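I have placed the structure first, in the form of structure tokens, so that the comments after it can refer back to it.
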């Protein structure tokens, strides 16, 4: 228990990922929804770093690095989209995105 | 000789096609004349062929061309003129010549004059094919061809509902029998490898009795239809809706006897299976009395004669079934003459009475229609079988044959029927020609038929009288081919007693008929007399309720079943299940497309759900793999 | 040129159709007739050049199309297919020649020419995939014909027609792929050539499965009970020309395919399924005849009667002997002529009265005697009157099957009775009796344009009934080789027995005669 | 021992922070909690000797990303309480429960792969940043460059989307009289 | 201290990078040009894009020549992997892009084409997809995927109307979730094997004899979820219809082809070794997913009222069809995958282009979507040629021979049959039959219904220009005469796929 192994990190990562999932499912505000997706990516990063550490291999860190880059890019595009939407509709409520269905 | 064969065969066809050219035009008398001439030429050719055969000439056999040939099957258009077919050809061409000429007068005022001759000649052609073919398939062509012409001619007055109904009935009933015949043909082919008479007859000798019996039975089923034997007899009476010359030619003299011809032609088969023959004979005897009984009370002149025909066909089958093929054929010939005469006479009466058919509405016509009276009386006498007319010789021989073969039941039935025959024949004559002139009540002014019609009928009259004289010649001719034998009653005394007894019985019947119907008290029945209300009378008048039963238990259920099959089975089950499958697919799509609510949150949930679903599967599988040993242990512990 | 006559036959109409697009619509009828006359002449030439004594495929052409997957553009005809091709060109010709004044005539003629291509293609194809291509492609023009010129329910009918057939043939396609796969397993090469497949002897259980797969495709096309319900709709809604071609040619694709594929490829399975299929065929014969009797619409009567007749064709096919198969092939032609003519005839009154309900008519024989005559001839041909074309086929089919089962043949034979019942009844309703509906009193009799279509058909119906030899002989030759092939390929003793070799003489009389002496 | 305490402490903190992110109805709380969570995550990186990553995490996330979000939040005026319609709680709760169960099931068992050979082994005597640089500019040069392109894409995309030109949609303009190219 | 690293330039094999770099250069050039002189006409950018795509194509062709001589090439520190799959997929990507980009030259003006950035982003996206297929390194795949996706979201949104924003947001959000799945999946594989290269992963797993099968499955699940989103497998497909509807028809057509082929390549690389190692679980799950995808998407397509949405569902169904090839995993199946997709590209691009040329700017009366079925009613009367061509595409999609897609289906079902997947083959066949209905529905509307009042022939070609017509012509010719090209295609693809070890 006190010896922190890889599994601890993995479990932590998974828990955080699950929290992210809950957020993704639960959030109706797009901005807050994007927060949840950040949680997803971050949770994975912990795991990558941990594996990298325990295997003594740098690839995991590399992956985490790129994940961070991706997360940053996503934010830019995502916010851009939100801005456009907000300009037109004055809200970023997810439920307002329902003109197409069936 | 072959050219005469071809003339005899194709002259009617030419005649038919020629008349057909004018079907769309108004009446042209010359079509009738030319048709009659062509048929007459066929008659002449047949006569020449007859002389050839009578003179001991070889049977003529020609093979015109191949019809169907595939696999081992080979069917040519082959024709044979031998003793049997030449007899039939004579009967057919003679009667049809007479009927053609007669029809020129009879159909005088009909719009469909030209059409009529076309049909009539087509019928003759079909009949010629039927009797001249050298194989069963060719016979079947003629068989169906006469059926077609019969349909056309019964329904000739197609504006009449009853006529067209009767035409269809006749056709369909015949089809039922034709199926039997087809099956017979199939049996012959697969057991003998050929449908030629020669080849199959040769092979019959080597087949086992069961097979032969089946062949015999199925062929006879075919014959039953064409010859209107019970239970397929109802169409014949209804067929009287057609013009009377048609009834004379088709439904008395020729087509209906095709069944007899078939049995006679297949004598080599039937002589191998006497038990089937006995059945045929018994059925024939039954039909003889059965039909005669219906003739007793019927109030339709033509129907009475039709029942009489039926009854006489029963005689023929009785003879053929008992192996007396030549007798059957002889009776067929004789019957053709006097029955055609009887019908044509009836036609005259109808013409005179403006298509009135109820003899009770006639009476005393002998004054205006003397020649018709004479002809019909002679014909009736011949029918009744009085010496020395044709009917005596042929019918009496049948009785003798039955007696000689020790089939006493058949004999008695036939004997009794002879009495009935005499009774109804003279009931009819008496009602029509004797007694009060009841037609006056209905304002009808009867007149005798055209002269040439009467002249045309005269050969029949003569033959009805003298045909009996040909008995010996005929016997000599067909002896070889039909394996014919004279029937000898063991003692002359018995023979004499029988003959005279029969004659007396018949004469008594005639006298009773005259007594009963030749008096002034006869009125048009109105359904009030005690006799008319008796059970028997009603039974007979309604033809034993057989047509009624057919209608109620076959026709109506068939129609209803068809409706049900269509509206319920086809539309509601078969089609609906096809549409149902499509509908299920469509509706599933329709309902589940709600999954696509367009809401992003739902979409995300679906993604997560998909992930979790697969994860659960993976975990279950992973655990199962990891603990597979334990699971196996548990399962084996449970005894699985 | 004669070496490529089949390709020319197939592609000439479609090329002509493409050029037809630029023809002005006033002249399109003449153009269509000209093209179809040439096509018909080509097909007659095919007949002329055809060697009736040879049992093999003739005018073979082969161009590699997808050699990597064993698909080649292979064509060829034998006695079985050559006449159906001729019939198809003939029906197209008279169909175009007798087209009435319809809207979008140009589209119709172009569509018909495309349809002609697919029809020739199906019957000339000797490669399963090429066969399938034309088979499926034929649906499209027909879909358009029904859907664009049909009655009020035309869209439903056309979609039903298309999808039903499409679904069935996709299953068949899977079967074909399996067949090719087995060929690949056996020889190491891919091939979809039918003649190659003929050489393949499959184990019986595989045969059964493949037979079923092919059967679905064919049975729906034929159409066999209970897959037949698209047909009444298709016929009921289709314009006259559509019904004519559908009945005369398209339905024959199914029965033809049975003979081309199912029998020679799966002889053991054919024997195995003979009885079930015969029972289905008998249901088709009797049941649909009864349904036909219950109809109120004359066209539906004829539509159901088609199904009934197809039952007899199936029976003949599954007789598995030369007599039966020859008969069924001949009956395909016969039914093509007769059903085609009957649909033409229905079209005639429909053009005049715009109704097909029988109770609207009655007594037409008074006002339209010539029409009644031709109808009568065709009706008699339809009920199988001897000396008409249908009799030969029906007789031989039933005769053939009689060898396999007497009882079932007897039941199938009931078809000639029930067939007469609905046909005569319908005829009576249309033509007999007094004229009850005043509108019928002055209907013009059949006109020249209609006679153009009907006279040749009537002539054919009788000519081939009286003298079927020129057609029956080549059919017989080819059928014999197919039956021989089946006999040789059959593995089970039962199948060997059921499929007699046409080369051996009929044994029964000979042996029994010898025994007797 | 220190490591364990640190792990549990930060694990608790991150979970708590992220829990707040997904549950709070105050956007501002969520933003703050997210930022805090990210910083706590960087702590793990430091624990795990991934110093470079930790630095990047703080700079990129808490510096750049959070700044962007903060800007966005101001723009969207979501500082007030976020009203979220309550969806079907049952589904979410159910799925979360399932997820939790799966997590336990999955990671209850240890991973068996022990014989992993490090492809790019980290060595104790070199600084983490140097190591990372070494790998990044050899092996992962191409992904790195592509990441640069990706950022460029994101930048262009952001600019274009948020640009003024988007305000008037040509797509929706009616241009019936427009010259037709053909 | 670190030793200096000496790397020879040859060992980097930089030619492997050429096909991806060319579009990047093109994109940069466009950006630079715009900076120097704004307001240039879109046709210029279209031509420049095409030019670079042409060069790209040439580079790919030379790469394919090299491949056929030298086999699989690795490059750039073994990150790049140029094998047959990579080349084929890139050919499809570049080819489809080449056909797509002229669709920008519309008769009407649309918002997105007024941006030079549109073309730059487009080229970036292409390059992203090219990277994605030309590597087996999960990191590069991920980065390539995101590059392409981010560009794609923007391209959709640039159409600039509510529906396209909605589409972009939906796509983006779900894409972010899928990215999370992808990284989690990669993490598990990394945890299992210490590597993020698929080859290496396979080797290590095989060496361990799949001892951690449970974890492998978990990783697989996440990967499947993520890639399933990309290639739109049920239940990860939900974005597809909405995004297709929201995007311009041209974009939708493009999306139905290019991102998916990239997804399929990754799927093949990742899953086929698992299937070949008899991970039966994956096989079963894929089987289920494939069947559900084909069938359910077909059913939903049945009930659509808008042609574009119908085509969206239909492309989901087609994706399921193709996914079956991945599951079957034989060389023939993989060949079938490419063959199918090439043929599908022609047909689908053609049909979406037909929608594109009939695009009106404002919605017609009583219609809630751009391309409702009703719009096409009676088209044969008003625009016969267009109707005929559209019919052609529909028939091809339905798999009516001899049009393009029939051959794809034939070969695909054939590969299923050859691999013993009888039931699957039947399901595929029956699904094609179901699909027939909705394609036919459009045909029925066009050919058999009467035109809606007030619709004239140019309704359907209002957006048409020569370049659009050319694209449609190419697609039509490709669809009709596909049968000529099938054999060379099969041989070409088979040699490439086979030599890549698939």
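Just so it is clear, A, B, C, D and E label the chains in written order, and each chain counts residues from 1 on its own.
Keep this in mind: a residue touches a chain if its C-beta (ideal position, glycine included) is under 8 Å from a C-beta of that chain, and two chains touch if they have at least 3 such contacts.
For clarity, every value in this text was computed on a predicted model and none was experimentally measured.
Enquirer: Tell me which chains count as touching both chain C and chain D.
Expert: Both chain C and chain D are touched by B, E, going by the contact rule given at the top.
Enquirer: Which chain would you call central, comparing Cα centres to the global Cα centre?
Expert: Of the chains present, the most centrally placed is C.
Enquirer: What are the two chains with the top count of C-beta contact pairs?
Expert: Top-ranked chain pair by contact count is A-D.
Enquirer: Which chain is most remote from chain D in terms of Cα centres?
Expert: Of all chains, B has its centre farthest from that of chain D.
Enquirer: Farthest chain from chain A, comparing Cα centres?
Expert: B
Enquirer: Centroid from C-alpha atoms only, then distance chain B to chain E, rounded to Å. What do you get?
Expert: The mean C-alpha positions of chain B and chain E differ by 76 Å.
Enquirer: Just curious, how far off is chain E from chain C if you go by their C-alpha centres, in Å?
Expert: Chain centres of chain C and chain E, defined by C-alpha means, are spaced 44 Å apart.
Enquirer: Taking each chain's centre as its mean C-alpha position, how far apart are chain A and chain D in Å?
Expert: 5
Enquirer: What's the distance between the Cα centroids of chain B and chain D, rounded to whole Å?
Expert: Computed from C-alpha means, the inter-chain centre distance equals 98 Å.
Enquirer: Find every residue in chain E that makes contact with two or more other chains and list them.
Expert: Residues 139, 143, 146, 150, 153-154, 157, 169-170, 173, 177, 191, 194-195, 214-215, 218, 241-242, 303, 437.
Enquirer: Residue numbers in chain B touching 2 or more other chains?
Expert: Those would be 582, 593, 596, 598, 600-601, 604-605, 608-609, 615, 619, 622-623, 626.
Enquirer: Could you say which residues in chain D touch two or more other chains, in rising order?
Expert: 87, 91-92, 95, 99, 106, 109, 111, 116, 118-119, 131, 139-140, 143, 147, 150, 153-154, 157, 159-161, 166
Enquirer: So which chains end up touching which?
Expert: Chain-chain contacts present: A-B, A-D, A-E, B-C, B-D, B-E, C-E, D-E.
Enquirer: Could you please specify the touching residues of chain D with respect to chain B in the complex?
Expert: That would be residues 87, 91-92, 95, 98-99, 102, 105-106, 109 of chain D.
Enquirer: Considering only the defined contacts, which chain A positions touch chain E in the complex?
Expert: 6, 10, 13, 17, 20, 24, 30, 33-34, 37, 40-41, 43-44, 47-48, 51, 55, 57, 59-60, 62-63, 66-67, 69-70, 73-74, 77-78, 80-82, 84-85, 88-89, 97, 99-102
Enquirer: Which part of chain E faces chain B closely enough to touch in the complex?
Expert: 169-170, 173-174, 177-178, 181, 213-215, 217-218, 220-222, 224-225, 228-229, 234-236, 238-239, 241-242, 281, 285, 296, 298-303, 434, 437
Enquirer: Applying the document's contact rule, which stretches of chain A touch chain D when the two form their complex?
Expert: For chain A paired with chain D, touching residues are 1-4, 6-12, 14-16, 18-23, 25-29, 31-32, 34-36, 38-39, 42, 45-46, 49-50, 52-53, 55-59, 61-62, 64-66, 68-77, 79-84, 86-87, 92, 95.
Enquirer: Taking the complex as given, what residues does chain B use to touch chain D?
Expert: Going by the criterion above, the answer is residues 601, 605, 608-609, 612, 615-616, 619, 622-623, 626.
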